[in-house]
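Right, I'll just put the structure down here and ask away after.
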Amino acid sequence: MPIRLTSQVYGKSSVRLTKVTRHADRHELIELNVDVALEGDFTESYTVGDNRRVVATDTMKNTVYGLAADHPLTDPESFALALASHFVDRNEHVSAATITTAMTPWRRIVTAGRPHRHSFTGGSGELRTCRARRTRSTVELTAGLTGLPLLKTTDSAFRGFPRDEYTTLPEVDDRIFATLLDAEWSYGPSAVGDAQYDWNATHDRIRDAMIGVFVEHKSLAVQQTLYAMGEAAMAVCNEVPKIALAMPNQHRIPVNLGPLGKQNKNEIFVTTSEPFGRITAVLERE
Amino acid sequence: MPIRLTSQVYGKSSVRLTKVTRHADRHELIELNVDVALEGDFTESYTVGDNRRVVATDTMKNTVYGLAADHPLTDPESFALALASHFVDRNEHVSAATITTAMTPWRRIVTAGRPHRHSFTGGSGELRTCRARRTRSTVELTAGLTGLPLLKTTDSAFRGFPRDEYTTLPEVDDRIFATLLDAEWSYGPSAVGDAQYDWNATHDRIRDAMIGVFVEHKSLAVQQTLYAMGEAAMAVCNEVPKIALAMPNQHRIPVNLGPLGKQNKNEIFVTTSEPFGRITAVLERE
Amino acid sequence: MPIRLTSQVYGKSSVRLTKVTRHADRHELIELNVDVALEGDFTESYTVGDNRRVVATDTMKNTVYGLAADHPLTDPESFALALASHFVDRNEHVSAATITTAMTPWRRIVTAGRPHRHSFTGGSGELRTCRARRTRSTVELTAGLTGLPLLKTTDSAFRGFPRDEYTTLPEVDDRIFATLLDAEWSYGPSAVGDAQYDWNATHDRIRDAMIGVFVEHKSLAVQQTLYAMGEAAMAVCNEVPKIALAMPNQHRIPVNLGPLGKQNKNEIFVTTSEPFGRITAVLERE
Amino acid sequence: MPIRLTSQVYGKSSVRLTKVTRHADRHELIELNVDVALEGDFTESYTVGDNRRVVATDTMKNTVYGLAADHPLTDPESFALALASHFVDRNEHVSAATITTAMTPWRRIVTAGRPHRHSFTGGSGELRTCRARRTRSTVELTAGLTGLPLLKTTDSAFRGFPRDEYTTLPEVDDRIFATLLDAEWSYGPSAVGDAQYDWNATHDRIRDAMIGVFVEHKSLAVQQTLYAMGEAAMAVCNEVPKIALAMPNQHRIPVNLGPLGKQNKNEIFVTTSEPFGRITAVLERE
């Protein structure tokens, strides 16, 4: 049977790493979930079980921990780039290595008005993400965040949409806007090629820009707010040629209190998880 | 067959409520998951399907939304008490009503150094909890929190434990201490009977006291830290006769880098979810 | 401050065990999640961090694996009893040991009409549960199941319930009945004291009895079906003096197709996860 | 700022549908999670909040339920195709509609040796999946499954892989092979264009072929077993030009019982969730 193996990718997923860096005045903590995936010619393993070219996924795991010991790990981006390079440099038959990281948002505890030396609490469910893909001739780096909870109780409307026989949604001037922001942006060569690039500062700047728009925007559609947030993100970072955003519309449905003899003054809502609207866009510099 | 119905409890779970209160200068937001459970004599429904005494669980749901419209909902405790009373007062055959709430931790967004009027972001996975149980003659109220992530990178040891042939754990002087705190305390009658009691301030005070101990404690055992946290909680609130705490020990396991020819200077750890130690205690005033 | 430690319980949770038993003609597989919890006098650990009496939770984990090597592990009940005894027998200061197990439902794959020698697939999310508690003078054993999905498309009604101003639910003659059964029963001394007791056969008999009632019952209330299921369970096993059942009512809500110009002939439903009714009872022999 | 909107996709996700079809002798049940996503020119909504071309996601939800009433819904594939066509046909400015479905695996309960008329239990966590994408000129259809649990206790080895200083994994001749199969295949035009095509029979045939290989394969690498499963799938269905498979390697790690003075005869394992190997391939007909 003439069948071809048109993609062969394998790796180790969910390598869970905590690194503590012990400075005299404070400890730094980073917690990452790391996925390693290799592309290349591993055909003999797939077709006849010959593993001579198969870097064991257990070896990938060890490599993550081993390189973490040598790397400062002050940000996930430079670590992902280093890991991707390691696998391509070591293995001639590997055509590409992709490192994906998700960073758990530990925040330093503040007690008595001062950041504590070595104690942390969790952030929201938001994760800071990163993906570095190194081929034999190229490097791509994207970074972003997933699951940032945002909610505003007003300044959101939805009107003027088309109606057909399946349309029952009333037009609304003032609704709750609740979402979990996912954003992923690319870094251009001026950033990726800069060994001193400050990935943390850029991440915070882009994140703040998006939040800043969310809170102030007079939203006529989730689409419009999302687009404005993407524009703002690109405006604060010239090294970003492209950003993708996705926002669920986590509906808060006004309860009909009429049958109970009460009025709902846009105050009482059912919190829902599903179904949810899902709005996405990709913005690129021309 | 001589079989007796020795417990009959039913209700509605996961009634999801969002309430917005629109003040001139700011909007307040509360999001609760509410469970209603009734005890009483519903025997005919169980044995012959006669539902004359069965308050429909759909009616319970409507009641949650209806009472939420009338109640200020500045805290979950007073709302849970009001709901419990409603069901007992309305239904003579109901012997007890238990209202359990879990509050989603929305936090007001700060932009340009100022709390925003109507925009919020999520807290950590921590939930603020509450349970009110009203019988025909008594009221019990417990409150607490679940899933507060706490981690310290030092000041935690574990030594001197007994060894048998199943013991392989080395003694350790300096380990990571990571946990998700669950705490639940009772309020005595001086609080429950006080219509003006400030549930929010007390919750924050108890929570802060426990965090304050966690960050500063030189821990010789998770047990010891947990006990000290419980003591601190009771010290800041005389109205609390009892507190129960539970803390998983979410192990961070040092990676053996020896086979890789590297040394692990107490820096590189595997983050694990299971198995986990689980340490609990109940403290009561004598 | 006069504070007393009125409960001190600790242990290891989520010890994940797979055991394979290799018979000539077939392999047997059991996968358990095991929780160990000890009660006793560990006061010095809580109050001053003296761990001389604290069996390390890591030792508990090792013990689970060590005893699993020696035990036939053809069922979880006898293993839980053995583990509980081990900890009480070994440690004089331990007043009680509780072992809780949850068994993953692997089912043997049937190929070409025959059960395969060594291949398995997952069951539903249902877990078989067990809890053994051994004190210095008593043994208690409960067993059960959680999360058994059951759904019937007819033979379920709900009528005749009281109405007040919060009641909007219509009476219904023919609704979908969907649930996730939780059941937990006690075994009396005649079973617990019988070293040859067939825990697997009893578990299957009780489970089948409950399913048999669910499918055939003309339900006038979830309460009524639940009670009949509990009666049936006790009828097939004299060694069970008590059973607790809990069933969520996972509502399937008929879609109002009227506004779309269509009729819903009791065919089209919204599947919902929350809110859900939650019906429970405990049945005991007199 | 010269920024371009290079992708604009939005829709409704997690529309949860249960349909019951009441035949005289038996009821049929289908439960789907449906996602609708539209591509097209919605630029004015993104840039200025003009929603004239924005089909409301609530309308999409209603359409799912409305079309479900008219459609026989004996399989998800034909329903997904019908839904995709509906949105493209109705809306000239929509360039593509993608319908993604996940089907909950209800299985008819067998009592007394006979399939029950109207009662069902859950399958494993496995979901049957489908995605139909309709543009103005093309139709694509893929189908598959996710999360099928498969485990074999023997006939799996892993040897001959390269070693470097990060390699600590021993070679192994006989290990547990546990996975959760994800597979997604395309249907060619001969199937998609056939209004009578039997999607259910094909799905079962492909699924059975993959399971049949899994259980019998003497595996020298997860890669090899995965490839053989893909080949078998394509061998039983000529209408499938392409299949993608992904299998986590859910490691069962032999416990070192040596320190406990016991031998582990390849019987006692730690069940792990992470990290996991992740092996994938795409196979295509030449």
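Residue numbering begins at 1 within each chain, and the chains themselves are lettered A, B, C and D in the order written.
Note that a residue touches a chain if its C-beta (ideal position, glycine included) is under 8 Å from a C-beta of that chain, and two chains touch if they have at least 3 such contacts.
Since we're looking at a predicted model, the values are computed, not measured.
S.K.: At the place where copies subunit B and subunit C touch, is the share of residue numbers found on both sides over half (same) or under half (different)?
M.R.: same
S.K.: For the interfaces B-D and A-D, which has the higher count of C-beta pairs in contact?
M.R.: When the contacts at B-D and A-D are counted, A-D has more.
S.K.: Between subunit C and subunit D, what is the gap in Å from one C-alpha centre to the other?
M.R.: 29
S.K.: CA centre of subunit A versus CA centre of subunit D: separation in Å?
M.R.: A distance of 24 Å separates the two centres.
S.K.: Roughly how far is subunit B from subunit D, centre to centre by C-alpha average, rounded to an integer in Å?
M.R.: Their C-alpha centroids are separated by 37 Å.
S.K.: Subunit A: which residues touch two or more other chains?
M.R.: 16, 62, 66, 166, 168, 259-260, 273-274
S.K.: Over in the complex, which subunit D residues touch subunit B? Could you list them?
M.R.: Residues in contact with subunit B: 165-166, 168, 259-261, 273-274.
S.K.: List the residues on subunit A that touch subunit B in their complex, please.
M.R.: Result: residues 16-22, 27, 29, 31, 62, 65-66, 68-70, 106, 109, 111, 116, 118-126, 148-155, 176, 211-212, 214-216, 252, 255, 257, 259-260, 262-264, 266-272 of subunit A touch subunit B.
S.K.: Which part of subunit D faces subunit A closely enough to touch in the complex?
M.R.: 1-16, 35, 37, 42, 45-59, 61-63, 66, 90, 158-164, 166-169, 219-221, 223-224, 226-227, 230-231, 234-235, 242, 244, 248-249, 273-286
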